[in-house]
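I am attaching a structure below and will ask some questions about it afterwards.
Order as written gives the chain letters A, B, C and D; numbering starts at 1 within each chain.
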């Protein structure tokens, strides 16, 4: 990035000598002895300057494969086969050998940034550490460079962020810190595990440009794990499709997207939500109960109080303002999409709506009950009717509880189900979110990112709430699973008539799910209105930028010249 | 399958944990069955066999009153295990809920509980013990109570620290958002994640309690002579170490083994309860 | 922060009041009349009554307490009923001994315990772990009086390398001071180190399994850095709790060690004074140690928020 | 056998070793407890007397044969014919207190008055018989008594006979203990509670040129084994109380010298006669319990044979210790069982025995327990901390109680307060007007033969009552390093350091 003198080499050359080549790669987690391994006989190669997209079903072994290569798997995991990086065999190399490679020659952006950043050190400290350890920079130089890196990934107020701790950042901000950390030493190979799931489309576009630029200008080889076919189409050169631990298809992006050979790839592509498509199909919003139809006029209409009514809500963290003067209503049976810039206060708003965050001012009413001043005890009866899917599923699941226990807990608390009936209900919930009911005995760390996310969704749905706050509920899901989950949500909503605040960066998904959309930026609500109107005819310039930046599979795959 | 095995089965599958369990069961069992297992009456003095070194008749030698040491160790295990374990368990029963609550409700509960805890900590153990003996009257049960009270602050502070640390975690928020009542949050979500620290504190507390029992017995608050306890045997062997080292060595070994058993068992439980540890 | 500290100091004052009242009541509930002890082997009732009146023991306990509080408020600690020496002098001469012993053994406990705990966690299930655990086991189950006595026999009586007892103020001779404190600090410290080691190990095992440790490894950091910087800092809440507890325990709990090495510290003072029913001494000493506990715990609480930014000292739930 | 010929060690009495001494140096003495206030008026502990022995001389002193000799007095007291006036002649040959104040009769009067009158004085009882004290010129004090009182001279050989500097009393009043000043070879320099008491050589002492040491440091170390370890390691030069299990070893050990004296310190089992439900209520049970005990074996088991069995209040070293007084009912388990049967009590007869909570006494208690079991008693031991046990004993809240008495040189001091109705130490509740009268007569008898007769009558009666079952009499074992000599141990148990010093040989090595 900062070595412009190094001209990009020619592509043909690169393809001939991949910098990273995995062949017959197998990853078997402890406890999988009897079952199939998480990754089975995967072949993979990526050349300098090439962007390889790794796509596939959630839980198909994408993370396992890439982390296995670098030995970043839990102790006791068996990694077999071969993975050669720059002429060096990595499998069986041992911690000492791998240490020289990690961070410097091969860097990683982890899928779940919250748990992957060290909670007790400042962002600046964690960034500087890489620079000082690998590049021997002095404190001041490292600081300046860290700042530069943050600006590169589009974080504003870099100076303040450097002093902050991970828990003070929004999901997208953390993700960008992870990216900055991985880029710090100009690695030869960059493994980015769903690096843009928490980013709004404009920021995402910037990051993707940045990655593409790295590949082109510095010859960095990039393995990009993603679910977003638009992203694949936009930046990747080649793509490998994984299914159940094996690669089912690979090839040039244009070819795979244009003429998929494998069944699974075809299904995958068919499930990709397309912006503008759902309004044409028109299904969910039109089918939604009457309240949804009244759109912006909904608040107060009908006899039932709205599921959520937020008035003039502001939240301050010390001197920083996360949310300022936001008013928003979600009627029963309605889904309101909340989109906006990363760090604009969406999650904060969501947390206020479920009573986890005390607003600095303003009011929040759920189903007609004012909750902003309620004590925890008074709040508890309301909990059943308000549920949240957290943006960061990994940290929202209790590491010491099996997911079965976690799902059964609220059911037992609020529901009459006991014993076998309870077990059946838990199994049904898991099946609803397309998880194997046998997985209920597993602990959170034994799941893939997308699987965890589905557990979190199942937990929120267990109690059939009146208001569901879903904070990026499908960001870690591949499009086929996402499709099914979205279908599930719509069907449930039709049946139970709950109100839903749906926070997402994926405009196509928002379009599909919501009758109305609210757009946030810098803590303020800049635009709100019926989905069709906002997405087709945005009033605010920021909304316009968002729409323009939205990636699309249908966009011409990246020119290969 | 490890993924599906219950903690109990995982404990048994872990060699160190299983050994710890076996050792604990063996020693505790030997203590409880002392009346059956002991070759002699532990109180039977023999003025003609004072300080006899180990022999066939008395495999571990005899003590300053010619009593059979093997029998005394078996009975001593019984007293020490009952008092030590009971004390620590009582302490944990009190300290765990209070400590968790203090770490979780930081505005109201913490100042009250923590300051009371400071006060109990500052109370010298001896004043406490002598005072309790005076008020309750001497008995092994009251000894266990006194030791238990003195162990409360330790467990309480550890649990409070853990609750403090864990209440910042998002899964606690998630549980609250899921409608978990405070008790559920504390005991189903925070406590299991604090189990490591608790297990360690309990397993290190037991030998400390056994040694403290010796001091209380000395004050007349614990076991009544000639009833033996490991702590009493150890401390009374002090002055005759040069003449009769076996009087110190064997009870010492018994205490070490008991501590070993509890600690291995604790480690085993730790690993069995830790879903990540279980995989190693 | 300042407000928090002020609040805590106010709480501390209340705690001390509580402790003093409890100790006052507790001591008076104990059987054994100080006046009888003072009257000697052959006491006559008149003398006993005189002594009781001298000591104010004939007044109702609440009145005695208020009188005592009034004196304390004027920093008048009174006199030992047994030796007739001013209590404040006694406490002042003991404070340095107690503090030095506490700090040195805490140092031993922290260094040995934390390092061994970390090493054991990193090498879980391997020989290092076994060795560290075996050491801890001995530390836990070998009573201090044994360790101390054996130390004295070996190093002072047989080898003659270290003095068996005696406190030399550091101002007089630093080497003499250290020679005298070495064994006590080691004996006391190793016992505590066992507890520190066990907790550190347990906490580190958990931390080492977390995602941010994976990140640190992915950064290509040396194992030492991963463990000692990224891992240890996250275990600090647990480790600090334990160290705080130990320091607290050391202030008044070093009785046995003080006896073996004949050190004039607080632990011994309190025990002896309880036995001789030297009430003014016990009351004052308990108050001073209670103040020590309160300060240590306050320091630990402040440290919590320093090592883990998610724990804010004012904040939290209500 | 692990314990080698302890009895031989015990029999060989030795009160001091002599060797050429060098001047200078310091002597560190390990005491077995913390002394109480260093104020002769208030002091109650034996260990406190150890320190006084270095710095406070008395009107009379005890010599190596337990005889009374003048110290600050110029000669024996002169008692008037009716026994009511006692004149004590005083030394005037340039005796000065350690602060330089001259020693005279006024000073003696002032001290005696303080002993008698200061509130809380523990001397007041001892001087109960003294009605008035006055100076007669510079060199005589006259004590007027309310009744003839034979033990007076021996009382003046203890703390009641210590004379305090009037200047110091002026300066400190009741707080004399903070900076005590007497006549003595050493003067008080410093005291750090429970750590050390430091005395330094007094230039004012009348025999200063016979004092070798510059300093004497007393350090309380309650644990026997730790005290001994410190002696062995060289941290201490002299220790009080070698534990009975260590005596044999120390007597043979190179580099250590064992001093050994008989004592009047005894342990006895007091039985509560007022307890209607206990064995105290039935003389047969009391006798049975006494007969069940084999004192030789007790001595053997609990003390490795280094102490002495005791059967009565008057120690063998007393001038009144004749055969009758020393006679022992002995050990007769058969008779004991018969008595239990006769009493009609259901065997085993439960007995709650309160014992001091130190290891030696707990061992003693268990030995008693085992022996009593053979006679049909089920003894339950209750180790009790000292202060609590005194409280229980005074309240009569016990069945049997093992406790000690440090012993007085005069027999009366070992008898009166234990057996007189209402006596301060009469925990058993023994009350017999005839015995009361005998005790009073014996104390008043100034003629030794008459006293002897009275005690010969009294002691057997006491033994019959079995209110106190005497168990054993301690011996004093003091050890010092062989680089030290001139330390003297008398039967009063006090370690006299006035003439002690570093041996010239040791000093030569050091130099």
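In the analysis below, contacts are C-beta pairs under 8 Å (C-beta built on N, C-alpha and C of every residue); 3 or more make two chains touch, one makes a residue touch a chain.
Chain by chain, the UniProt names read as follows: A = ABC transporter ATP-binding protein; B, C = ABC transporter permease.
The model shown is predicted, which means the values in this text are computed figures rather than measured ones.
A count of contacting C-beta pairs for B-D and for C-D identifies C-D as the more extensively joined pair. Inter-chain spacing, taken between the CA centroids of chain B and chain D, is 44 Å. For this pair, chain C with chain D, the centres built from the Cα atoms lie 38 Å apart.
Inter-chain centre distance (chain B to chain C, centres taken as mean C-alpha positions): 21 Å.
Here the CA centre of chain A is 50 Å from the CA centre of chain C.
Residues of chain D found to touch two or more other chains are 225, 385, 388. Touching two or more other chains at once are residues 130, 134, 168, 235, 238, 274, 276, 280 of chain B. Multi-chain contact residues of chain A (touching two or more other chains): 74, 167, 376, 445. Applying the touch definition to every pair of chains gives A-B, A-C, B-C, B-D, C-D.
Those residues of chain B whose C-beta lies close enough to touch chain C in the complex are 16, 104-108, 110-111, 114-116, 118-119, 121-128, 130-131, 134-135, 153-154, 157-158, 160-162, 164-165, 167-168, 196-197, 199-201, 203-204, 207-208, 211, 214, 231, 234-235, 238, 241, 248, 252, 255-256, 258-260, 263, 267, 270, 274, 276-277, 280.
The residues of chain C lying in touch with chain B in their complex are 11-12, 14-15, 18-19, 22-23, 26-27, 29-31, 124-125, 133, 136-138, 140-143, 145-146, 149, 194-195, 198-199, 202-203, 205-206, 209, 237-238, 240-242, 244-245, 248-249, 252-253, 255, 270-271, 274, 282, 286, 289-290, 293-294, 297, 304, 308, 310-311, 315-318.
Considering their complex, residues 1-4, 168-171, 173-182, 184, 188-189, 192-193, 195, 273-276, 279-280 of chain B touch chain A. By the touch criterion stated above, chain D contacts chain C in their complex at residues 34-39, 42, 44-45, 119-122, 124-126, 128, 175, 177-178, 191-195, 219, 221-223, 225-226, 229-230, 232-235, 385-388, 390-392, 394, 405-406, 413, 417, 424-425. Of all residues in chain D, only 1-3, 224-225, 243, 245-246, 249, 297, 300-301, 357, 359, 362-363, 365-367, 369-370, 380-385, 388 touch chain B in the complex they form.
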